[in-house]
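Listed below are the structures to be examined.
Look for chain A in each of the two complexes below; its partner is chain B in the first and chain C in the second.
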Partner chain A sequence: MDNTNIISIADFSITPGSRYREEGPFSGQEFREDILEPEFKKTLESDKKLIINLDGVLGYGTSFLEEVFGGLARIYTPENILKHIDIISTEDSYLKDDVIEYIQNANK
Partner chain B sequence: MKLYFKSQKYINYSKRRARKSLKRRLIHKRRILHIRRSFYKKNLKEVSLLKDFIQYKQHVLAPDNLSLIDNPEEVILFFKKIHEILNNNQRVYVILKKVKNIDYGAITVLLSEMYMFKLKKIQFQGDFPSDQNAKKLIIESGFFDYIGRTDVRQNAEYLAGNDNQIITHAHKNVEPVLSLPIMKESSITIWGEKRIDSGLHSVLMELMQNTNNHASSGMIGEKHWWLSVNHDKKNKKVSFVFVDHGVGIFRSLNGKSPDSKWYGWFEKAKSSLGVETNEECLKQLLLGNLHRTVTQKSYRGKGLPNIKRMLDLNRISNLHVISNNVYSNVDKNEYKLLNKEFDGTFFYWELCENNINSPWTIQI
Partner chain C sequence: MSSNTYKTLISNGIHFITFLVGVTIGFLIYLYVENLWQLKISPNVSFQIDPLSIISIIISIYLAVYVLRILNKRDEKSRKESDLLISYFCEFEKDFTTIIRQTYNINGVILTDIAIIMKNYSMRIQELLRLAIDKNFIDEKSTIHSEISDKIKLLKELLTNTPVSGAVEDGIKLSEGKLYFSDKQKEKIVSGVYSLRSSIFNIVSEIN
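Moving on, here comes the complex of A and B:
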């Protein structure tokens, strides 16, 4: 049985934007609220793992990633997030470490 | 034969005419005096240079080396003079005749200054460099696409196929989709095919976000950012200039209110990191140490350090930063204080053949 759900940021936008919606299109807030949070809720309820694929985009601003993952951790706690998500980033491997840092430092 | 008017009507009429005539003569005298003073103690060569713009009370002579990267002190002083004239709401004539070397950074800043004059409906005129290479660079840069315009498009647009162009955005918004056509064309110039260099999009996002977040409201032109993209096909290199006329990094920090975490930032930085000058602060900002030290929030303030990281990861090259009174060649780890402040923030970087890149996996 498949215990994972995969979402790819490239399906949302190949040019991820800024932090908040009012700053411009394809923001971290938009992705988190409209796509990631609903999927994460389902993941929590079904006790599955959520895999987020960071590949296939032109690049990331730090605010986008922090708002997505740090923002999620500020709602659901870092421990919960780290337990239920995995990150794929083969094109820029350092992004995986960045995301984990954003999650761990979300409330600091 | 002189006419003498006896009736009061014609006496009043005659008096009005005499007042107007006197006013015109006085204006003309002032103008002649201004011209004579301008020519005073000047040789013939200088006089012929001045004749073109003598109607402009204010004229500014550009330095021979009009390059912000190589000659920041003189060039910043040149732009400061133009800015002072703008603040006095006077028209200006910019003399570029003696310029022998010019770069895209200076062209972009000059354009942004000109635009601020246009926004205030004040005349901004100038001439071309006598040096043909310098003249050609200005013409090909995209500078003249903006000469006749006072409107600014709602969305910044990159026009495919132009080797050099200057893009601007007036509404502080972050425009992520701009990276796509720029990346496509830049990668073809550099590597001969479409490739992805994630450093470009990252840097653009950080800079647009910074302008958005830190440019305060109220000042004309402050919400504009200007991006210049320049393809050097011979050397397989694309250079970028990003300018905003906000208050600059350090003025922005100094202007924080007492309820802001950045209030008293310099004292906190001095006691924790031992920094004493702005150039040391810029270095620490780029390393990410300053934000963490001052605000105690590790999840914000990663924009500038990320730009530095893109340089360290060889995603971009030749990064230069100028903000307020600090100039930095980040690539060479050179940081120095300037005698004059630059009004805003200036970033320059390049993409070249040896920057790390990956295959084009995007379905566009």
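Moving on, here comes the complex of A and C:
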């Protein structure tokens, strides 16, 4: 039985933008609201794990990642996020720790 | 004492002991066969040539020199590897600091461009660190990975972390996809670059 759901940010854009929609296309807010939050809600309801793949993107700005993951944690709490998501980042292994930090520090 | 200094001492010690062993074996062979065979050339004016003692001396010298050459070749190979790795780190440091200086000095640099640069250099330094660990120049348990990771993360934040709405920032402004850095932010970036260079210097010292 498949208990995971996978989202790849590269499918959204290989050149993610900044933090907010008004700052330009492919923003963190756009990704979080339009793609990540609906999937995360499904994950919570079905008690599955949501896997987010960071590979395949040319580069991330800090504000994009912070808005995606920190923003999600500000809505659902860091504990809930860390319990239900996994991060894949094989190209740049430093990113995984960065994302976890954004989640943990979301409300600080 | 760094691991490389320790390795060099061990290596030199092994060389010396090997040389002593070679000479000792030769001498022992000489002592053992000394009485077995002596060649007299003439009854009146005689001198004794002990061929086996000559052979044993030759063998011991050959053995000592041969083994030393093998060990020196291994040391030379290790030296070449460490020099090459150091050159990779120095090249990284030079390229990275140059491009970051160019980036923050441009008025209105495109955010995605900086993001791409930072990812490329982050991957590059991670590969170099992996190589240094695989070649045993850096201990796998070393904290250098987390040290470098923190510094790369800090620089990326200084360069690409645009403000949360409502926050009063005197750092980065984003306008039409382009970033503008205040003088204060530039100072922080310079400091961040210097800190990373310092860590790379420590890595190079450890490899050397």
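The definition used in the following text is that the second predicted complex is superposed on the first by the 108 of 108 C-alpha atoms of A that agree within 3 Å, B and C clash if a C-alpha of one lies under 4 Å from a C-alpha of the other, contacts with A are read in each partner's own complex, and residues count from 1 in each chain.
What we mean here is this: contacts are C-beta pairs under 8 Å (C-beta built on N, C-alpha and C of every residue); 3 or more make two chains touch, one makes a residue touch a chain.
Note that this is a predicted model, so its numbers are computed, not measured.
Participant: Quick check on the superposed pair: does A:66 touch chain B, chain C, both, or neither? Answer first, second, both or neither.
Facilitator: Both: A:66 reaches chain B and chain C.
Participant: Should A:24 be classified as contacting the first partner (chain B), the second (chain C), both, or neither?
Facilitator: both
Participant: Could you say whether A:58 touches chain B, chain C, both of them, or neither, answering first, second, both or neither?
Facilitator: Both partners, chain B and chain C.
Participant: Can A:91 be said to touch chain B (first), chain C (second), both, or neither?
Facilitator: Both partners, chain B and chain C.
Participant: Of chain B and chain C, which one touches more residues of chain A?
Facilitator: Between chain B and chain C, the winner on chain A residue contacts is B.
Participant: For A:12, select first, second, both or neither according to whether it touches chain B, chain C, the two together, or no partner.
Facilitator: A:12: touches no partner chain.
Participant: Same chain A residues contacting chain B and chain C, which ones?
Facilitator: Residues common to the chain A contacts of chain C and of chain B are 15-19, 23-24, 57-64, 66, 91-92, 94, listed in rising order.
Participant: Touching chain C in the complex: which residues of chain A?
Facilitator: Within the complex, chain A contacts chain C at residues 15-20, 23-24, 57-64, 66, 91-94, 97-98.
Participant: Touching residues of chain B toward chain A in the complex: what are they?
Facilitator: Chain B residues touching chain A: 173-180, 183, 196, 198-202, 205-206, 208-209, 212, 296-300, 302-303, 306, 313, 358, 361-362, 364.
Participant: Across the complex, what residues on chain C touch chain A?
Facilitator: The touching residues are 111-112, 114-120, 122-123, 126, 149, 152-153, 156-157, 159-162, 164-165, 174, 176-177.
Participant: List the residues on chain A that touch chain B in their complex, please.
Facilitator: 10, 13-19, 23-26, 55-64, 66, 70, 91-92, 94, 102, 105-106, 108
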